[in-house]
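Common to both upcoming complexes is chain A, partnered first by chain B, then by chain C.
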Partner chain A sequence: MTSFPASAIVAEAIFGGFVALTVAGALLAALATRILRSVCGLAVCSLGLAGLYTFLHSPFLGLMQILIYIGAVCVTIVFAIMLAETEESAGRESRRRRLAWGGTALAVSGCVFWGVARLGWDGVRAAPASRATDGSVGAIGVSLLTTHGLAFELISLVLLVAILGALLVARTGRH
Partner chain B sequence: MSVSLPEPLRLFALLAGAMAFVGLNAAYLVWAERKAAGRFQRRPGPTEAGPAGLLQPVADVLKLISKQLMVPPGADAVLFRAAPVLVLVPAMICLAVIPFGERWVAREMPLGLLVLFAFGSIQVMAVMLGGWASRNKYAIISAARIVSQDVAYEIPMLLVMITLLMVTGTMDLGEIVRQQAGGFWRWHLFRLDANPLMPLTFVIYYICMLAETNRAPFDMAEAESELVAGAYTEYSGMGFGVFFMAEYANIVVGCATATVLFLGGWQSPIGVGSGPVWFLAKLYGLVFSVIWVRWTFPRTQFYGLLNLSWKILIPASLFILVLSGAALQLSGS
Partner chain C sequence: MTALPFHDQPRVYFLVAAFLLAVGIFGLIRRRTLVGMLIGGELMMAGASLNVMVWNRFTAPDPAVGQVLVLFLMGLAAAEVAILLSIIIAVYRNYRSIKAGVLDEMKG
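For the complex of A and B:
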């Protein structure tokens, strides 16, 4: 792979492409007026993220991102949209409310971004001396089922509660 | 095959090869399908263009290219135009990891199996977007059907995959084929010691593959007698042609996956003389069986399709999964 002279530039360009894809997808998801376009934005964003994971030597995570977020989450969201409504959502909110909510969202996301960016600049800027795991399926499986076993089980509990909640909402909504 | 080529050239060779393969494959599978359908129905099929109608695909392509591309008024133009591309590209990516022979693979990856399933899942989303973007009643009904069909059949398919992964212990497609060397009794289809229900696993995979590629008897998405052409109703010319290319490419990818996972890939059934010829023979044998099924069985009803998945296939594949775990535990490996 190193035999080709411009390979570093090509790799940089592909990395830039994935970053652009992620940001563009996120913007599309947030700004689109049609909800199905927002879902497309989410899918594009996931694709970009999958590329970034691959650049981080975690192809398994990248492929799972595609399989789960595009293949399952986006498809499920679209399923819900198609069951729920056929027309465009009626009636936009008033200008003041939109400005207030938009401002709040901008402030919160700005804070989160600033915090995460600070964390990145302060501590873990230098490359670690050795990689913690090799990012292989085996390593991920072992750490999920041993080191982070409790978190793993708790996440499945959260999903169970979410399913029960959805069932409850659906049942009361029908009467 | 192309070990000596430098990386960018390899990439271009892969791209050109995949495009040529997808195009030719679609063109001649359409011919094969029409010929086979003709034979099943006691008529000759295409005969006019060239010997035995062999030039018929060329004529079809010329016709499709020369037709006007239309975006229906009120449609979502961007998504409408993007959908055919989005259907075709994942299938081509999948072709990159399929090992046609010991060294006939564009990119050998330790996670090859996952690549097939990750990119395979995009295709459904794309067909559905095409249906929704058309702003056509039939297309939208078809899109809703595609989604519910996909949600139903993705589950047993992935469960079957997990069962198989427990037997193989690797996601490397080349490695999976190498495990099955030395005669047809070593193929995963007949690995009854690992799981006594292995042939049933193959049948579940095959049914799910038919459903995922929207083939009869599960072609509810483009049920032409009720939905015109389903999600493809508003597409004309090559837009429609690209959807068809993608459909055949997906059939080939699905059958190639079955060949690699269950039928020993490029391994010869008698243990000697393995090579890409065997892979292609098994692959196109399966493709022929897909065509055979389409022209033999009538289309099922939609609730029948969903019942089959939720009430039979998912419990069955879960049972097989548990059984295979138990077998692995008992055999102590």
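For the complex of A and C:
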């Protein structure tokens, strides 16, 4: 135990803050009417997730989450928004249709949430008898270069093909 | 179980992951533009990553495996975003709109 008396409460408060950030960001991303606010919601959600990863004993992944999601994914989406007209105008859709789609989406996502949450809540989980590694950055690096070497190379190939494909697709139809 | 602090209970994380998945599905169904649907898909990927990390933290014999898996997931999500955004740009160039309802013809 640590000597600082309120450290447990402080840790709980920080954890609650990260959970709230994640939930609020996800809600903002799904419900905002302007698409730029939705992207900001995704960024806030990623920030909260990075905190949750840190609480799950992997601060390296938290940093990667910030770097990749906020630094790369959100910025790229903002670029696409600037290049294309993305405002969702609700005027053309009739009110009944909008309500029907919203109800369908709410029902489907509610069912999924209920089912998955129940699975997670009731599942039997046994802690492992012993840990092979400590899960540090060094252990990740060693396993990337030994056990998961082939997957590492394949993922770099996927990224290369994705970049080339993106360039090719965005180039067609250009005058 | 109740004596543990919240950040050492897997249930809290599972609830958050399920919530992210559900919100992503909601956004995917509800949004009318391609960018909005892409954001919904990203939320679902984030929920899946969080789920993998929870299993990795609480039950995996080797904690490095789950982290490597989530790193690969992030790489795949980035590649997916790159491809999808280029498709969105191409669609906008042809239709002058990226609403999903406008895309009603195919040519190949």
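Odds and ends about this structure:
Keep in mind that, in the parts below, the second predicted complex is superposed on the first by the 94 of 175 C-alpha atoms of A that agree within 3 Å, B and C clash if a C-alpha of one lies under 4 Å from a C-alpha of the other, contacts with A are read in each partner's own complex, and residues count from 1 in each chain.
As a working rule, a contact is a pair of C-beta atoms (placed from the backbone, for glycine too) under 8 Å apart; a residue touches a chain by one contact, two chains touch by 3 or more.
Remember, predicted model here, so these are calculated numbers, not experimental data.
Judged by the touch definition given at the top, the superposed model places A:F55 against chain C, while chain B stays out of reach. Shared-chain residue A:A72: touches chain B and chain C both. In the superposition on chain A, contact of A:M64 is made with both chain B and chain C. After superposition on the shared chain, chain A has more residues touched by C, the comparison being chain B against chain C.
Touched by chain B in one complex and by chain C in the other are residues 60, 64, 72, 76, 79, 83, 86 of chain A.
The part of chain C that touches chain A in the complex is made up of residues 5-7, 10-27, 29-33, 35-36, 38-40, 42-43, 46, 49-51, 53-54, 56-65, 67-68, 70-72, 74-83, 85-90, 92-94, 96-99. On the chain B side of its complex with chain A, the touching residues are 6-8, 76, 79, 109-111, 114-115, 117-122, 124-125, 128-129, 132, 140, 143-144, 147-148, 150-151, 154, 171. Contact residues of chain A toward chain B in the complex are 1, 3-4, 7, 10, 34, 36-37, 40, 43, 59-60, 63-64, 66-67, 70-72, 74-76, 78-79, 82-83, 86, 136-137. By the touch criterion stated above, chain A contacts chain C in their complex at residues 8, 11-12, 15-16, 19, 22-23, 26-27, 29-30, 35, 38-39, 41-42, 45-46, 49, 52-53, 55-58, 60-61, 64-65, 68-69, 72-73, 76-77, 79-81, 83-86, 88, 93, 101-102, 104-106, 108-110, 112-113, 116-117, 119-121, 123, 125-135, 139-140, 142-144, 147-148, 151, 155, 158-159, 162-163, 165-167, 169-170, 172-174.
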